[in-house]
Amino acid sequence: MAGQTLEIIYDVPRVEEKLILKSAKMRGLSVRLTNVRQQHLLFDKPSVDISLVRCISMYNAAHSAAVREGVGVRAINSSEAIIYSGNKILTVSRLKAAGLPTPRTAVGLDDEAAAKALENVGLPAVDKPPIGSWGRLVALIKDELTFKTVLEHRRMISSTIMKTHLIQEYIDIPNRDVRTVVLGDEVLGAIYRYRGDGDWRTNVARGGVPVTAFLNDELREISIKTARAVGGDLVSVDIFETVDGSYLVNEVNGVPEFKGLMQATGVDVPEKIADYILGQLRR
Amino acid sequence: MAGQTLEIIYDVPRVEEKLILKSAKMRGLSVRLTNVRQQHLLFDKPSVDISLVRCISMYNAAHSAAVREGVGVRAINSSEAIIYSGNKILTVSRLKAAGLPTPRTAVGLDDEAAAKALENVGLPAVDKPPIGSWGRLVALIKDELTFKTVLEHRRMISSTIMKTHLIQEYIDIPNRDVRTVVLGDEVLGAIYRYRGDGDWRTNVARGGVPVTAFLNDELREISIKTARAVGGDLVSVDIFETVDGSYLVNEVNGVPEFKGLMQATGVDVPEKIADYILGQLRR
Amino acid sequence: MAGQTLEIIYDVPRVEEKLILKSAKMRGLSVRLTNVRQQHLLFDKPSVDISLVRCISMYNAAHSAAVREGVGVRAINSSEAIIYSGNKILTVSRLKAAGLPTPRTAVGLDDEAAAKALENVGLPAVDKPPIGSWGRLVALIKDELTFKTVLEHRRMISSTIMKTHLIQEYIDIPNRDVRTVVLGDEVLGAIYRYRGDGDWRTNVARGGVPVTAFLNDELREISIKTARAVGGDLVSVDIFETVDGSYLVNEVNGVPEFKGLMQATGVDVPEKIADYILGQLRR
Amino acid sequence: MAGQTLEIIYDVPRVEEKLILKSAKMRGLSVRLTNVRQQHLLFDKPSVDISLVRCISMYNAAHSAAVREGVGVRAINSSEAIIYSGNKILTVSRLKAAGLPTPRTAVGLDDEAAAKALENVGLPAVDKPPIGSWGRLVALIKDELTFKTVLEHRRMISSTIMKTHLIQEYIDIPNRDVRTVVLGDEVLGAIYRYRGDGDWRTNVARGGVPVTAFLNDELREISIKTARAVGGDLVSVDIFETVDGSYLVNEVNGVPEFKGLMQATGVDVPEKIADYILGQLRR
């Protein structure tokens, strides 16, 4: 596969992209870096053989993948996987269709419907907009007053999609959730994310602390099925372990960060990605 | 199929939905009306056999379809068809992948990239955000100054997706475009939309005037292929007829209005839809 | 003053404007109605002698008044009174400067500063954006979690001014507040606004119920001083009566609604306004 | 005045603030720096004798000044001067009331009114939102199409004030405008700002180039009158010199940048400011 070209598409470069670049070059791949904030995208065949989409913005990622797909270049992940992972309603749809366990979920597409959704789920609940990373605007609804406050504020955000409420039962997890990273048919590793001080969310961006976790067969199976449900080659899966020991799939990320997992588990994710891409090019 | 239930999902009821309701009832279908602004959606199997999604808001349509799909109810259109029709970058991606002709297109995911995209396409050009109906925010870029004005304004709209620019060559059509409506394997009809006074866009919402058009084989073939490219059961297709007589697919609508086509052509679209749904239920 | 012309400037016509129109005509005034959503405003002297500004939008009100002032037409209220009443930080500034009692207030112009402002005021607190009517986005902060939720949501509203937090101690009023209406040197009346079901705010728009209140000398004095502090001819004043019987001025409205006060007290506010305007024209 | 304390209030520190700090200290003043993004503001008397407001955000500047004024501390500029300079409709109101020459101006508070305002002013025109620095969203309207594009985009910006259109005749200035800086009764200097490449606006932030200009008596008088009209101690004034040699006041800045003027003219503005503050403290 020497002589073949991998394109890494990004908007904000992170350490992960640099590590992937290095691993890809060590395997003899040419690498082309495309910063979509500076470079435009054309529906002409670029001189690349496969594109790895690493944009932080979900929309940038989906749009980049779609342009490449339009001219027959395989994008990892596909635009469809990015979109169905990146929108929490679409994710739950795919998880449910695949028979995967999730927290109880109701959807309100406007204020009145959202109030009924909350009534159905009961208090406490979690209210999420369909789109958003790092737990942004994910609100814990402990009482009616908080819910009113959230409804009013969401109404003022000009983006239509922010007026949509995904309401889920609040799962009383023991101070942590589980995150796995899946690549193709392999689960690369699992970590616990412990809540940091001062926030109920476990997102590392909110102070959550990553610690290696034992990857048992059930977690492995759920993770693989989840990746297939959204059609992703490379995804991370956020899983709740409930008090009775069962698992619920919470969210999926179609452009996953994996620095925390690398540090906690020692797994060399960039090498795995480079090998996976070589495998895809060989097919 | 008597005894089976069709669900019509909507947010703002229009005359189209009332006509479909009537036609469906006349064929012996039970009909359940779901107003998603008032009713919440659950990932529990509702007592319906198929769902027709008629929400005006693209997000409402996609989310409604996805919730139904999550519990195994077929949605027309599917969430995927709604999303790939509703986002103009995703649409072009699918059209290009299917080998369909489109106006020359470049994508800029940020200001600098958008400027390069415009440079590639040349002036005059059309600058569209990926999402939006009735030609909203679709700007004709005649010169650099107008482009700067558009860039600055888009930056101020808080929705991220509005900062993305789909730049297309301006096609100098003779005062009208062609719209076809496709249902399954059939093209139901074709109309010209003539520009109204005071706007360069042909959208009926902008004063465009619908007139019946001759549905030749080429239009028919392009329309069917377009519907398949986005995976839609029921879509409208906007087509430019260029000066040299060739066609370019401009846009697709995954929740199409068809009142104008009914009036201009006399085709009873609601009856066709009701028959199609019966056919789907029989399979 | 017969032959003189009163201009009523409005954006959304309400019953109040119709009543004022009627009372003014009965006193022999010509009345010109200016709907600023349809009519443009010029810095040319219009053929009116005084302008009563009744726009619901605070910005529309301030801008209308300013255009008239620019060509020497007296506006009631003045643009300055409208602005200093319409912005809650500016209001508190004027109230404090005039020695009037207010709830303890701290201002945070960004997230970090807002957190310190909340710490200074303590829990529970009320978090308001500087601008907004009918209690919109006024949030009761009972705990840190609610505050985080409010901060995150405000950050997403694209208007800069919404990122500013006016944090006030929560005054545990006995289920109602007091509203007075001031016109020139006269307090026209006072009402209690009782909380409606399902909201902690007393705004009539939130279900608050108006009931006539006894207008004692202290309320009268505070109301007059408040109107003078913001420079208003016609304002409503919202006052808290604390547990120990003392008063705190909460908010001022520079384009006051007075229908509730008319109904509860029987005071004919439109006649009073018409008389006041005649008096101003005579000066 | 030794022992007296000057507070410099800012949100984003610039070189101007550092120079003022240095000049103030050299004159024996204590200086307290208040970063309003980090520090909250209380309506308690701070241990400062005068506050110089240097926030880049107009709202931050006005709110900071107002809090200080509320407890009897003189703010330079006053909240009123900041507000009336910072809002272009309010500025024109004050300029007109003071008999100062301005470009022909019409105000549209909604789309329909804005269309009439444009009709009144005629093409080409300049369309500005009332608030905004560095020429942001100031659009040159050469034809109806551009105007429609601007109207549609402004409607999508969630801030109400952005839906307001200040429409002014386009003044065909010879590639430059004049900026003066006024402090108290003195005009500190004048510069030309030449248009940079690629933008019709002269804002230095848009590539405008500052060059020293001769400060004649007429410019001096207009500048002083303008500062008085908005009630400002320290303002910059943007002036158009028309083809026939007469002047029109375009805009005023109530928190002026003066680095460009210092470089072009050699005037030590920070020293002037420090002296002025000492003078104010002595009064």
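Each chain gets a letter, A, B, C and D, in the order it is written, and its residues are counted from 1.
Just so we're on the same page, a residue touches a chain if its C-beta (ideal position, glycine included) is under 8 Å from a C-beta of that chain, and two chains touch if they have at least 3 such contacts.
This one's a predicted model, so the numbers in the text were calculated from it and none came from an experiment.
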Of C-D and B-C, pair with higher C-beta contact tally: C-D
Subunit B onto subunit D, rotation angle from CA fit, given as a multiple of 5 degrees: 180
Between subunit D and subunit B, distance of the C-alpha-averaged centres to the nearest whole Å: 46
Centroid spacing, where centroids are CA-atom means, of subunit B and subunit C in whole angstrom: 46
Cα-centroid distance, subunit C relative to subunit D, in whole angstrom: 28
Multi-chain contact sites of subunit D, meaning residues that touch two or more partners: 156-158
In the complex with subunit B, residue positions of subunit C that touch it: 156-158
Interfacial residue positions of subunit D with respect to subunit C in the complex: 11, 36-43, 55, 57, 59-60, 62-64, 66-67, 69-72, 79-80, 83, 89-90, 92-97, 102, 105-110, 112-114, 116-117, 120, 130, 157-161, 164
Subunit B-touching residues of subunit D, taken from the complex the two chains share: 136-137, 139-140, 142, 144-146, 148-150, 152-154, 156-158, 162, 198-200
